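Same chain, two partners: chain A is paired with chain B first, then with chain C.
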Partner chain A sequence: METIKIMGTDDTPTVILDAENDIFEISGRSLPEDVTAFYDPILNWLDEYASSPNAKTAFNFKLVYFNTASSKLLLDILMKLEQMHEDGKDVVVKWFYPEDDEDMQEAGEEYADIVDVPFEQIGYTLN
Partner chain B sequence: MSEEILKALMQLFAIIAKQDEGVESNERDYVVNFLTQQLNDEAVKEYITLFDEHAGLNDKDEEEEADGKPKKRKLTSVKDSVRILGICKKINKTLTQKQKVVVLVRLFELVNADRKFTDQRMAIINTVAEVFKLSKEEFTDIETFVINNDPQTLDYASILAIHDKPEKGENCKHIPTEALDGYIYILQIKASISTSFAM
Partner chain C sequence: MDKKNVRGFLEFVYDFYKSMKAHEITLVYEGEITHQITKAFTSLTESNMAKEEESNSVQKKVFHVMVECLQNISKHADSFGSDDFLFAGRGIFMVSKGEDDYHVTTGNVIENSKIDELSRILDNINQLDKEGLKQLYKTQMREGRLSEKGGAGLGFIDIARKTGRKLEYHFLPIDEETHFFILTSTISRNG
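And then the complex of A and B:
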């Protein structure tokens, strides 16, 4: 299946969806002007991937900021992962947050409360 | 309205009102008026305290910067953005579609209290409407109805106007009455449900 690689900008995150190499990651800042146009291809890719996923899917979120509109689309991604989990697939969400960013940590905790999917919180130090 | 939903609504009100430069006094007044219509004095105090807590109004540091200047505009915190989703998901499980329309109307009324339709405030209201699965048509009808303080601009198909003035509008429905000194406008939300609001 085709790989998605989107280089991040000041307003859009870096996205790598590479099933062949087991890389599923969204990182950086997410404040796209048209949030639906940005995230639609990602959601469509996940729909296709969900029909024949890898033995294990570890989806990394390593964001430093996202706006309210993006938060809904991130939830849509998490709900697709939740559906895969409900269908018996091996899925884990890895939520990376800068160690000094309590907001991003708590945002991960809030998402973990909303969706029923294995959720790991991982603090890291910003270089 | 149940205790759980009122608490959820206080959180939504607080998160919206604290955006940009923070809570405006008109917005807090709107919340007090809203609560006064629903509850007794003691309960109003309890819920307005909850609003103040969530809006950070009890935190002195939130009021002004260290140099005494007013607070600068901040981006919506990621925690608040996700908390909004959690609150709306909870509301989705509890309220009917009609009741969710009422919640959206109240959120618009809050922002309309100070007419501060900023990107951040409106992004939250848009997101709430999306999680509630309200249609674009429902959203636009509610927005137009609440934010147009001049009722004569409310000339669209989902409006019923009741008054005795000669200007009837071209698109809205109209009931003439001589017994009314003023205007009554009724909005019918009819995309997926049928419910009405009057102003």
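And then the complex of A and C:
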């Protein structure tokens, strides 16, 4: 399956979706000019991946900022992962947040409340 | 400009300068709000705040509020009248910094027919407490559809949550069809 590798900019996140090497990650900042255009390929990729996923899928979110329009699309991604979980696949979401960023931690907690999928919160220190 | 007009203009410039100083305005813009403008203003304000060693949490809050305010204008400011594009996606945007607070203020033209709906949304947000806002955000994220322009109806809720204050807004009449909508958000500099 094709790999998605998008290098982050000051308004779009870094995205790596690499089934072969077991890397599923969105990191950085997200306030794209056109959120739908940015996230559509990612959602489509997940649809395709969900039909024959790896034995285990650990999806990392390591965002430092996202705007409200992006928050909706991030939920769409999480709902796809939730669907995989419901279909009996081994899926875990890893939500990384800077240790001093309560809002980002809370955002993770809120997503964990909304979607029914194994969800790990991991604080890290920014250097 | 003839001599008299030049003098009048110069006086206006000086008054404008004094007035900006008096209101502690650090950034003011009138015009179309594009994505480029949003990026430029947020990065300008970010570097100013970093220079002044504002705390991370204040910097983040100001950034959040600025982005949502700017996007509100770019997505919702009306082009009233059938062929009048002058006001679409346009508005005034201001950042001011006082001793204790940052203020982010936006103003844009809105059709009268939309005032009731907008007031209803804002008043609903204003009567909720922290927990209520959280629930509303979650509901809206789950059930709200992304509009054609990419709005998800989440911006105002986010501003209320990030500032921890009521949304302060006013409608000033322009003419029979439109009002000027002003929203001021306050972010405390003391965490």
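Quick note on the criterion: the second predicted complex is superposed on the first by the 127 of 127 C-alpha atoms of A that agree within 3 Å, B and C clash if a C-alpha of one lies under 4 Å from a C-alpha of the other, contacts with A are read in each partner's own complex, and residues count from 1 in each chain.
Note that in this section a residue touches a chain if its C-beta (ideal position, glycine included) is under 8 Å from a C-beta of that chain, and two chains touch if they have at least 3 such contacts.
Because the structure is a prediction, the values reported are computed rather than measured.
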item: Partners on chain A (chain B, chain C) - clash or fit; value: clash
item: Partner chain in contact with A:Glu20 - chain B first, chain C second, else both or neither; value: neither
item: Which superposed partner A:Leu75 touches (first chain B, second chain C, both, neither); value: both
item: First (chain B), second (chain C), both or neither touched by A:Glu33; value: second
item: First, second, both or neither for A:Glu2, with chain B first and chain C second; value: neither
item: Partner chain in contact with A:Asp113 - chain B first, chain C second, else both or neither; value: both
item: Touched partner set for A:Asn67, first chain B, second chain C, both or neither; value: both
item: Stretch of chain C, among 26-34, 80-88 or 116-124, that runs into chain B once the two complexes are superposed; value: 116-124
item: Overlap of chain C and chain B interfaces on chain A (superposed complexes); value: 65, 67-69, 71-72, 75, 102-103, 110, 113-114
item: Chain B - residues contacting chain A, complex; value: 75-86, 89, 120, 123-124, 126-127, 130-131
item: List of chain A residues in touch with chain B within their complex; value: 63, 65-72, 75, 102-104, 106-107, 110-111, 113-114
item: Residues on chain C engaged by chain A in the complex (per definition of touch); value: 35, 38-39, 43, 56-57, 60, 63-64, 67-68, 71, 134, 137-138, 141-142, 144, 146, 150-152, 154-155, 157-158, 162
item: Residue ranges of chain A touching chain C (in the complex, touch as defined); value: 10-11, 31, 33-36, 65, 67-69, 71-73, 75, 100-103, 110, 113-114
